[in-house]
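Pasting the structures here.
Two complexes are shown next, each including subunit A; its partner changes from subunit B in the first to subunit C in the second.
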Partner chain A sequence: MQKNIRLGIGALAGLLLLRNLYVILFNLPDEMEQGPIYRIFYYHLPAYFTAMCCYMTALVASVLYLTKRNLRYDAIAMSATEVGLAFAAVNLITGMIWGRVIWGIWWAWDARLTWALICWLVYFGYLMLRQAIDDPSERAKNSAVLSIFSFVSVAITYKAIEWWRTQHPGPVLSFRTGQQLIDPEMERMLYTNFFALALLAFVMVTVRLNQETLQRQIDGLRRRAHAL
Partner chain B sequence: MDSRNIQFMFWGLAVAWGIIAIYVVMLAARENRLQKQLESLKRMLEEKQ
Partner chain C sequence: MIFLQVAAKDLRSELRTKESLNASLSFAVVILLLFSFAFDPSGEAVAEFSGGLLWLVFAFAGALILNRSFARELPNDCLEVLIASPVSGAQLFLGKSIASFVLLLGIELICLPIFGIFYNITWTPKFWPLLGVFLLGTWGMTILGTLFSALTVNLSLRELMLPMLLYPMMIPALMAAMRLTTILLSGNDIGGDDLVWLRLLIGFDVVFTTLALALVETILVR
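Moving on, here comes the complex of A and B:
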C-alpha cells in the first residue's frame, strides 16, 4: 500500500481517537453504579474486538498460505498476530484495572479471564516459534498450522461468558443479546472507538507487512553479498 | 464527573494509550533499523561489484 494512503488512514484514526477521548471524558455521563471507571470499557471492549479481527485475519491468511504456499500470506498472518497481541494486551490490562476497582482484586481465575490470558500466551508462543525456525517455508508451514489451532482459543474466549458462569460480566452489546441493555449513546461510542482502533490496527498491519518485505530484501542482498 | 475511582480511570486510559504508543514507537524504530541495513547492504554490494 502506498505510504501516503497509509499516512492518511493513520492520521484519520489518530484524529478520531482524540475526538473520541474528548467525548468519553467530557460529554458522556458517568455510569450510575460504577462512576467514572466504566469509561475504561471504551478501550477494553474495542481493543478486544480489534485483537479478534487481527487473529481472524491471521487465521484466514494461514489457511491461504497452506493452500497456495505463497509467503505473502505468511507475512500477513505474522503481522496481524503481532498487532493483535498489542491490542489484546490493552484489553487484558485495562480489564485488570477495572477489576481492581469493581471486584477489589486485580485478577480472577474465571473462565473468561483465564481463556483471554491463554489466548494471549498461545499467540505469543506463535511469534516465539517463528524466531526458532530459520527455513522460511518450514517456518511458514509450522506457524500456519499453529495459528489455525490457536484460533480455537479465540473462539472459546468469545463464548466463555455464555458457556460458563463467570465473574466477568455477561454480554451487553445489542448485537449479541438482541436487547438494548446499555444506553444507546454509550453503545454507539463503543462502536466508534472500535472503528478508530480497527483503522489504526489496519495501518499497523500494513506497516509491519512492509517491514517483512524489507527484511526479505535484506536477506536476499545478504545472500548475494556472501556469494560475491 | 464523579471523583470516586477517577485515579484508576486515568491509569486505565493511560495504559491503553501507552501500550499503543509503545508499539508505534517499536514499529518506527524497526522501520529505521531495516532501512539503514538495506542502505548499507546496497552500498556494500555496489562497492564489491
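Moving on, here comes the complex of A and C:
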C-alpha cells in the first residue's frame, strides 16, 4: 500500500516536472536583460527551497530523536539530510552555470555562494560523522546534536543576501520583498516547480527511509545470528 | 565554580606534559614559515591578508589543542569517571573549554610577535582591540572545538573528523575574526560597515555557547 502511494506521488512529481519543463521552455518568454539563461532560475531557486525543507525536516527529526530516543527519527533525519544535500548540489551547480553565462565566471566568492557551499560542507560532515560511528544509538545521538548545530549555517545562508552586499541577485519573491518585483506568471511557475521538486524529494526521502529501515532489520538479524 | 577546578586540572595536566602545547606551537611556527614561500613576505600587500594568515595558523594549531581536550581523559577510563562524578556535563564542558581557550590564546599571543617579525607587520599600536578580537574569535573556536572533541572522542578517526566538522562550522567566526584582524593590522579602526563582522563574531559566540551548554549533557551521557 505504502509502496503504491509512493509510486503515485513519484509519478505525479514526474508528470508535473515534465509539464513544467514544457511551459518553461516553450510558453514563458525570455527575461528582458538575461535572455533565455534565466530559465535555470526555475530549478535553481526551487532546488534551494527543497534543500532548506529537507534540512528543516532533519532538524525537527533530530530534536524529536533527542527528546523521544526513537531511532525512526534518526533515520528520517539522515534520509532528509542526504536528499537535501543532493538538492543543494543542484542549486550550486545550476547557480554556477548561470554565473558562467551572466558574470563570465563559474564561481564568485560572494557571501551567498560561499555560505551555500559552507552549508553543503557542514551537512557533508554530518554524513561523514555518521559513517564513523558504529553503535546505532551513539550515532543517532551525536549526529542529532550535529544536525542542530548545522542548521545555524542554513539560517545564515538564508539571510546572507540581506546581511552582506553580494553579487548574488537579491530577494525577488513577493513573500520576501512585499512587492511584485517579477512577473506573476514567472513567480507562479517558481512555486509550481518547487511543489514538483518537493514531491520528488518526499519520494526520495521515503525510499531512503525504507532502505534504512531494512538495513537496521538486517543488522538486527545479523547480531542475533552472531549471538547464536 | 567546579568548572574552574576542571579547567585548572586540565591546564595543570597540560603544563606538566606539554604534549599538545609544544606540538601546537611548533606547528604554528612551521605554518608561518611555509606561508612565506607562497608569496613575497616583505611586500606591502601582506597587511591586506594578514588577518587571514594569522587565523589560519590559529585554526590549524587550535585543532591540535582541541583534539586533546577530551582525548586526554581516555587513558585509565578517566572520561567515564568524570562523567559518573557529580560534576554536571555543562560544568565539565565549560571547564574544558576554558582550559583550551587559555592554551590557545597563549599560543596566539606567542605567534603574534613572531608573525610581526617574519612579515614586517606592526601590531603594537592596535594591541588592545586586537586582543579583544582574539578573545572573541578564540572563544568561538574553542566552544565549538571542545564540543566536537566530545562528539568525536570515541572515534578511531577523531584526528581527521574534528577538523572536518570544525572548520566549515566555525567559518562565520573565522571570517569575522580574519576581517577584523586585517582591519586592525592595516592600522585602521573598526567602525561603519565593519561593525557587521563584530556583531557576527559576538552573535556566533552567544549562539554556539548557548547551544553547546544546552546539548553537551546529551553528548556526554551514554
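Operating definition for what follows: the second predicted complex is superposed on the first by the 227 of 228 C-alpha atoms of A that agree within 3 Å, B and C clash if a C-alpha of one lies under 4 Å from a C-alpha of the other, contacts with A are read in each partner's own complex, and residues count from 1 in each chain.
As a convention for this text, a residue touches a chain if its C-beta (ideal position, glycine included) is under 8 Å from a C-beta of that chain, and two chains touch if they have at least 3 such contacts.
Computed from a predicted model, the values in this text were never measured in an experiment.
In the superposition on chain A, contact of A:200 is made with subunit B only, not with subunit C. In the superposition on chain A, contact of A:222 is made with subunit B only, not with subunit C.
By the document's definition of touching, of the two partners only subunit C reaches A:153; subunit B does not. By the touch criterion defined above, A:97 lies against subunit B but remains apart from subunit C after alignment on the C-alpha atoms of chain A. Legend: residue contacts after superposition of the two complexes on their common chain; A:69 is shown touching neither subunit B nor subunit C. Contact comparison for subunit A: of subunit B and subunit C, B touches the greater number of residues. Of the two partner chains placed by the overlay, neither subunit B nor subunit C lies in contact with A:19. Those residues of subunit A that touch subunit C in the complex are listed here as 66, 118, 121-122, 125, 128-129, 132-133, 138, 141-142, 144-146, 148-150, 152-153, 156, 163-164. Touching subunit A in their complex are the following residues of subunit C: 144, 147, 151-152, 154-157, 161, 164-165, 168-169, 171-172, 196, 200, 207-208, 211, 215, 218-219, 222.
Against subunit A, the residues of subunit B that register as touching in their complex are 1-6, 8-9, 11-13, 15-16, 19-20, 23-24, 27, 30-31, 34-35, 37-38, 41-42, 44-45, 48-49. Within the complex, the subunit A residues that touch subunit B are 21, 25, 30, 34-37, 39-40, 43-44, 47, 83, 86, 89-90, 93-94, 97-98, 100-101, 200, 204, 207-208, 210-211, 214-215, 217-218, 221-222, 224-225, 228.
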